[in-house]
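Quick notes on the structure that follows.
Labels for the chains are A, B, C, D, E and F, by order of writing; each one numbers its residues from 1.
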Amino acid sequence: MTGIPTFAIPPGFLGRGRGERIGAISIAGIPLDLGTTHRAGARFGPGAIRRASGMLTDGAHPAAWVDPATLDLSDIGDFAIALGDIGASLRLIEAQATALPHLIALGGEHGITLPLLRALTKRTGPVGLIHFDAHVDTWPDNFGQRYGHGSVFFHAIEEGLVEPARMIQLGIRSPVQREVWDWTLDRGVTILPALDIHASTPDAVAARVRQVVGDGPVYLSFDIDALDPAFAPGTGTPEVGGLATWQAQAILRRLTGLAFVGMDLVEVAPAYDVSEITALAGATMVWEYLALLGAA
Amino acid sequence: MTGIPTFAIPPGFLGRGRGERIGAISIAGIPLDLGTTHRAGARFGPGAIRRASGMLTDGAHPAAWVDPATLDLSDIGDFAIALGDIGASLRLIEAQATALPHLIALGGEHGITLPLLRALTKRTGPVGLIHFDAHVDTWPDNFGQRYGHGSVFFHAIEEGLVEPARMIQLGIRSPVQREVWDWTLDRGVTILPALDIHASTPDAVAARVRQVVGDGPVYLSFDIDALDPAFAPGTGTPEVGGLATWQAQAILRRLTGLAFVGMDLVEVAPAYDVSEITALAGATMVWEYLALLGAA
Amino acid sequence: MTGIPTFAIPPGFLGRGRGERIGAISIAGIPLDLGTTHRAGARFGPGAIRRASGMLTDGAHPAAWVDPATLDLSDIGDFAIALGDIGASLRLIEAQATALPHLIALGGEHGITLPLLRALTKRTGPVGLIHFDAHVDTWPDNFGQRYGHGSVFFHAIEEGLVEPARMIQLGIRSPVQREVWDWTLDRGVTILPALDIHASTPDAVAARVRQVVGDGPVYLSFDIDALDPAFAPGTGTPEVGGLATWQAQAILRRLTGLAFVGMDLVEVAPAYDVSEITALAGATMVWEYLALLGAA
Amino acid sequence: MTGIPTFAIPPGFLGRGRGERIGAISIAGIPLDLGTTHRAGARFGPGAIRRASGMLTDGAHPAAWVDPATLDLSDIGDFAIALGDIGASLRLIEAQATALPHLIALGGEHGITLPLLRALTKRTGPVGLIHFDAHVDTWPDNFGQRYGHGSVFFHAIEEGLVEPARMIQLGIRSPVQREVWDWTLDRGVTILPALDIHASTPDAVAARVRQVVGDGPVYLSFDIDALDPAFAPGTGTPEVGGLATWQAQAILRRLTGLAFVGMDLVEVAPAYDVSEITALAGATMVWEYLALLGAA
Amino acid sequence: MTGIPTFAIPPGFLGRGRGERIGAISIAGIPLDLGTTHRAGARFGPGAIRRASGMLTDGAHPAAWVDPATLDLSDIGDFAIALGDIGASLRLIEAQATALPHLIALGGEHGITLPLLRALTKRTGPVGLIHFDAHVDTWPDNFGQRYGHGSVFFHAIEEGLVEPARMIQLGIRSPVQREVWDWTLDRGVTILPALDIHASTPDAVAARVRQVVGDGPVYLSFDIDALDPAFAPGTGTPEVGGLATWQAQAILRRLTGLAFVGMDLVEVAPAYDVSEITALAGATMVWEYLALLGAA
Amino acid sequence: MTGIPTFAIPPGFLGRGRGERIGAISIAGIPLDLGTTHRAGARFGPGAIRRASGMLTDGAHPAAWVDPATLDLSDIGDFAIALGDIGASLRLIEAQATALPHLIALGGEHGITLPLLRALTKRTGPVGLIHFDAHVDTWPDNFGQRYGHGSVFFHAIEEGLVEPARMIQLGIRSPVQREVWDWTLDRGVTILPALDIHASTPDAVAARVRQVVGDGPVYLSFDIDALDPAFAPGTGTPEVGGLATWQAQAILRRLTGLAFVGMDLVEVAPAYDVSEITALAGATMVWEYLALLGAA
């Protein structure tokens, strides 16, 4: 092993210094959790994911053989947010994301994806979306709150940031109103419930994803609650029956060659985590994404 | 989303007030854990399962499209038990269960199933049984205790409450004396060990269950330790190698149309739980059962 | 022991049914935690405090000999709040509190005290205040947020809800800007830092409290972080060097005969608690307050 | 340091082999927790206390300068109990204790003290009692159960096992019915509430203890919930406002020269413990008792 | 059920007394964790695995129908190690292992396997190896430390203790330098990454194992981190995407008839465990191995 | 409040960037824990203390009125250590410490103090020592290991790094061999056992400290286990009966004007911590020390 022991690794993602120069790919934390409908705590997600990433610093990805150390990657620290104010926070996030070429955001709750897409699509136009989640997140409101974490893709679709026909949701399983489900399908979104993924194979699932998102620019939004609570207990709105980490990894590894333009990893809530397994799962999904970028 | 946020939901199951009127289906907690052979603590199971059920209150089941809010369901609170006295507790439980039309009991330890079956079968006659568990629970005694949680189906069979030929056990994997195993098979019970379920499919398993229990009245007894400790750490006698929550869900969803007459969900011990994942697994299994009833 | 075992007690405070009639004294939960500056999670405080209160249901207070069962006390459930919106939540809280004769609020974060005082003082005029806390909570803002939990008494004083000369703060010890400290003293508030309480006695401290608050109407606002993190780990902004629970109890028991008009117990964040000790500390402080009311 | 590292110490108390020969002083575990009124789990107390005692194996007591290694002490393993049957368990415990010359029992719940005193007093006649506890434990019943852990000294007094005039209770603070309190005082028992101990000094408290118990044979019954939940979270019926470990140690160290005839340390419930601090507190109280014996 | 309750079982593996006579098969703990590269804590592994094994004492293996009680098995306690000194510890371990006929070692970190193989192969000559792990453990050094836990099989191969052509690694998935991977393959070792096992079946995997190891003497080295952190959070270098416990069991059960000459179960770090599930997984893997021996 | 929210503070101590320029006072982490005799894990102490220090970044010390933001303080990151090699690690630590003008070291275990004193005293000559600890740490060896954490002051005294007559130990209470105790006293060291501190006052204790250390250069070595496990559960060798955090703070605040030349805060082991209270206690003791420096 080279470098320094994982337990003494510097505190940025994969040991990159925090706040340093901006590389071709940048990592940023976005510690917003005001729009969570059940448990809060995702504000501590960025720090926990960074720490857990230390386990992934020594060596290359053992399938893609991409060594993250060879990527032009920087950890630019955390975005500023407005304490206790969702609207102002969304505006701040959008402003800070606008200038960044290829951003990987560490949430925070899922509500951050909306301003990230607003910023991104100014440059790319509407994007395709690969969305891992237990929830469709297309509710028009959240117990009265329009910009809670359950409405992010309602707005993204309504605002034309996402092409619904190029959007696929994987791992869905929460209770949901039939009209929300139907609205989502009617827009053209493809929903792959968790049980369908369990009954299928990573090969077939990945083929379906590729078919849906096609060759255009595509964004990956990974809500950690797509994973089963056994694999990711540290999250705000857990639902049993979810994916194993290996399933998510196996699907992601089959998505080489897509035109990825950004990613977020959201809803890691460390206060509910156990021995950092959720944070490590989150860090690993980002590492898989980096391997996809590196292999491109 | 409608209604009130999940974190402020009233404390009955699925937000139903506790202690209210008796509906067509009633939920009751039975906080007995005197007959546990390893860890105690299931006395706190009913409260934990109710709280976790808050996550399931907002929306319909995303496959059966049954909205629990439309069911005539009431949470009647907890049964009285006799502190430190198994025999008296079993008599109290039977007495309280007798008048209830369709009861879903939240344990408490598995020993509660015996008086529940005694009460139920006065009305229905002997029942078929779908039994999820890591243990056969047909020991004639428990380290000297006749009415511990490992003997519940020994007595149920001996007392003629269950038709052994219409009884199937799913998830079995604990150490067991050969004579206990053989006694169970000799009575006519079908045993599906956990590893056989892992090697099979939910379709095939569900078909086997339907074949065994047939068209007669059938009771569902779900010991949470049927699930692997990764999915359900909060229980009294964990055994590794168990089911994933998705497997249990996938099997249950294929049991539509059976003549269900009651259910219990037992052995959730919150002191050993992690971020409520066991309680949520328990609440979800009850929710799946309600979807079966609602779809009927 | 009479009644039912503590582990099966109904889920309202001291076993009172939730949502029932309004008594002379009412308990309500206020699950707001949007204005916390460090850890969120106090939205789950009301439920945790209620459950922990089960330990206090069987018997009388062993010094005041008040049996809470003899008080005209009701638990009216949780206040509605606006998800993700501090301003709207404060307005909702004020509206719901207005009609209640003697309210004991279970937080939620400390920000809830502002609308509670707004509602209360419509009836009583400005009140004296006994404020247990690690923080002065007289910051004019919270990292830019005007209505965060660190500003509650800045506003209460500015709005004339509290008589600063009749306000005393006990347990203060966090870092603080000198100008915030001086502003507080300049208004006439008495500050008793935690170390001064450790160096003194409950008798002397209580005498000082009585001297400050006098005979007029007085409100008790108890932030659980007044206690040391050893005694109350489950809170959002812990500071070491705080009070032991016995010290808080000993001080409170010496405050008989004051003209109490209301109380809140705030900042219990169960995700950070350990074996419910913080929730139990919170419930016990409310129980001590009830004993003061009962002894009056 | 001598001997072997604490983390590899054999699993008996202070590293003594379990089940070996019977010394002048013997340690035994009694894993009974059927009579607990709130949380169960003390059945795992003996193992946890033994493991924690490893920290106390290397060196002498730094005030009494007694080296436990020089005592004729053996760990004889655990007593048999009857699973799920309080009555039979009490009879078994009494039978096993009868032959042991000087027994230190590791509980298990407080109910075990009754059969231990029955066995002991056959040899010694009625004993004086030093009783550390948050609860008086003189309830005539426990929610209907006569032999629960809250009734142990009701029976001990009624059966004449204890001389009430030579019995003192330290740390009392739970809610209690006035008639139970008065019954206890009327028998002649001395009660030192926790707050009185906080307001006093170890010197004065120990003097009071010596005055009460005098020169006759005296038994020490230490319920770990005498300590505050901050110091002993791992217990079944915690009450805030309790003693610090140093207070209990300071009092015990001033009790040299008393005619001790036995001890129990009860109500350690490891499932609720934190980093073994409760188990270590329990082990340390036994170690303090051994120092008293060794110094005699 | 026979024997004594699991919660009172003596503290040796499967209830065997510790330190007793040496049977045909012996169990020993080796509490070394100095060579861990990330989290330490495996020194407490032996005790935790022994305690967890209590769950497996009552009854036979429900597939092999081997009752461990019928095996000539002894728990000889813990090996001495040299505190803070890897080199001296490895020498001590080798010396103690040399005389033992068939040893099952409970780690401790993976570094212990090297001296165990040195001792074993004096008698057997080079052995085949079935190696469950997330890591190849063939690094030539560990951040500068030659004998850390990541180098154990580099040395074992270099020293000729293992026949690389008869060595198979199952569950591999950590980041790794390409040259370490290639070195391993070039020696002739077979690597089965975790994702390949997920994509395959236990039948096929076991067939591959049998093909690789053949008929010669074979050693089983089971690093608990071969399992996914959901199933085994209590370990030092967790990697997501690992095996479920049922997969490991299913593979092991298909390995009957191999010429096993020893086993170790390493890297259980109880400080990171949750409700003992990792320790139970470890104990169960040893129990599966005993069933293989018993069925032979 | 000014600056950024505590939950988003940069990851250096008090938010200082890690690895930046060297100020007049520098903070460094030293992640060594190879010499611990019981629980390992202090290698994660530096990161945990830094994170917890975020709570202390917003405002001045509320008694000394020193604002740490005004100090010339830098966090220079972690020292390199030699994995698995105590001797090489001690040499590395000494080499890295030598050039630093005023170092505050975050451990790691107590063994790091030896090379720190070796480096420091090259510049200052022998120093006085204020040593908070549960253990005297003057054992000549540690179960055979000469440079374990229990021998640090044996060597420091033997090597003439410390003036024993100017050395005082506060909080001592572990078991200890009489000859180790006497050796320490015979060298001239002053020992203040924890119980003596409990029986005294911070004023008297601080006066004694000042009397012992006098006007010469003095070093503060704070082992977090000086605190009681209730206040600091996250440590390697806990002993009950220790100090409260307020006691340590009250003593430190009375030590203004001493000629401090360095400090270490050791033995925080986060795997055993609870809601970060131990890390926060550690960070706070450093903050108190900074206030002493700032007030000088």
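The working rule: contacts are C-beta pairs under 8 Å (C-beta built on N, C-alpha and C of every residue); 3 or more make two chains touch, one makes a residue touch a chain.
The structure displayed is predicted, hence computed values, not measured ones.
Listed here as common contacts of chain D and chain E: B, F. At the interface between chain C and chain D, under half of the residue numbers involved are used by both copies, so each side presents largely different positions. Taking each chain's centre as the mean of its C-alpha atoms, chain B lies 39 Å from chain D. Centroids of chain C and chain E (each the mean of its C-alpha atoms) stand 54 Å apart.
The set of chain A residues that touch two or more partner chains comprises 4-5, 7, 37, 39, 43-44, 83, 142-143, 228, 230, 244, 272, 274. In terms of which chains touch, the assembly is arranged in some other way, matching none of the line, ring, star or all-to-all patterns. Under the contact rule defined at the top, the touching pairs of chains are A-B, A-C, A-E, A-F, B-C, B-D, B-E, C-D, C-F, D-E, D-F, E-F. Interface of chain D with chain C (complex): residues 37-39, 139, 141-143, 150, 172-178, 180-181, 193-195, 198-199, 228-230, 233-234, 237-242, 244, 272-274. Residues 33-35, 37, 39-41, 43-44, 82-86, 142-145, 147-148, 271-272 of chain C are the ones touching chain A in the complex.
Interface of chain B with chain C (complex): residues 4-5, 7-8, 10-11, 17-19, 29, 31, 43-44, 47, 51, 77-78, 80-81, 83. Of all the residues in chain F, the ones that touch chain C in their complex are 1-7, 54-63, 65, 201-202, 228, 230-231, 244-247, 249-250, 253, 274-277, 280-281, 284, 287.
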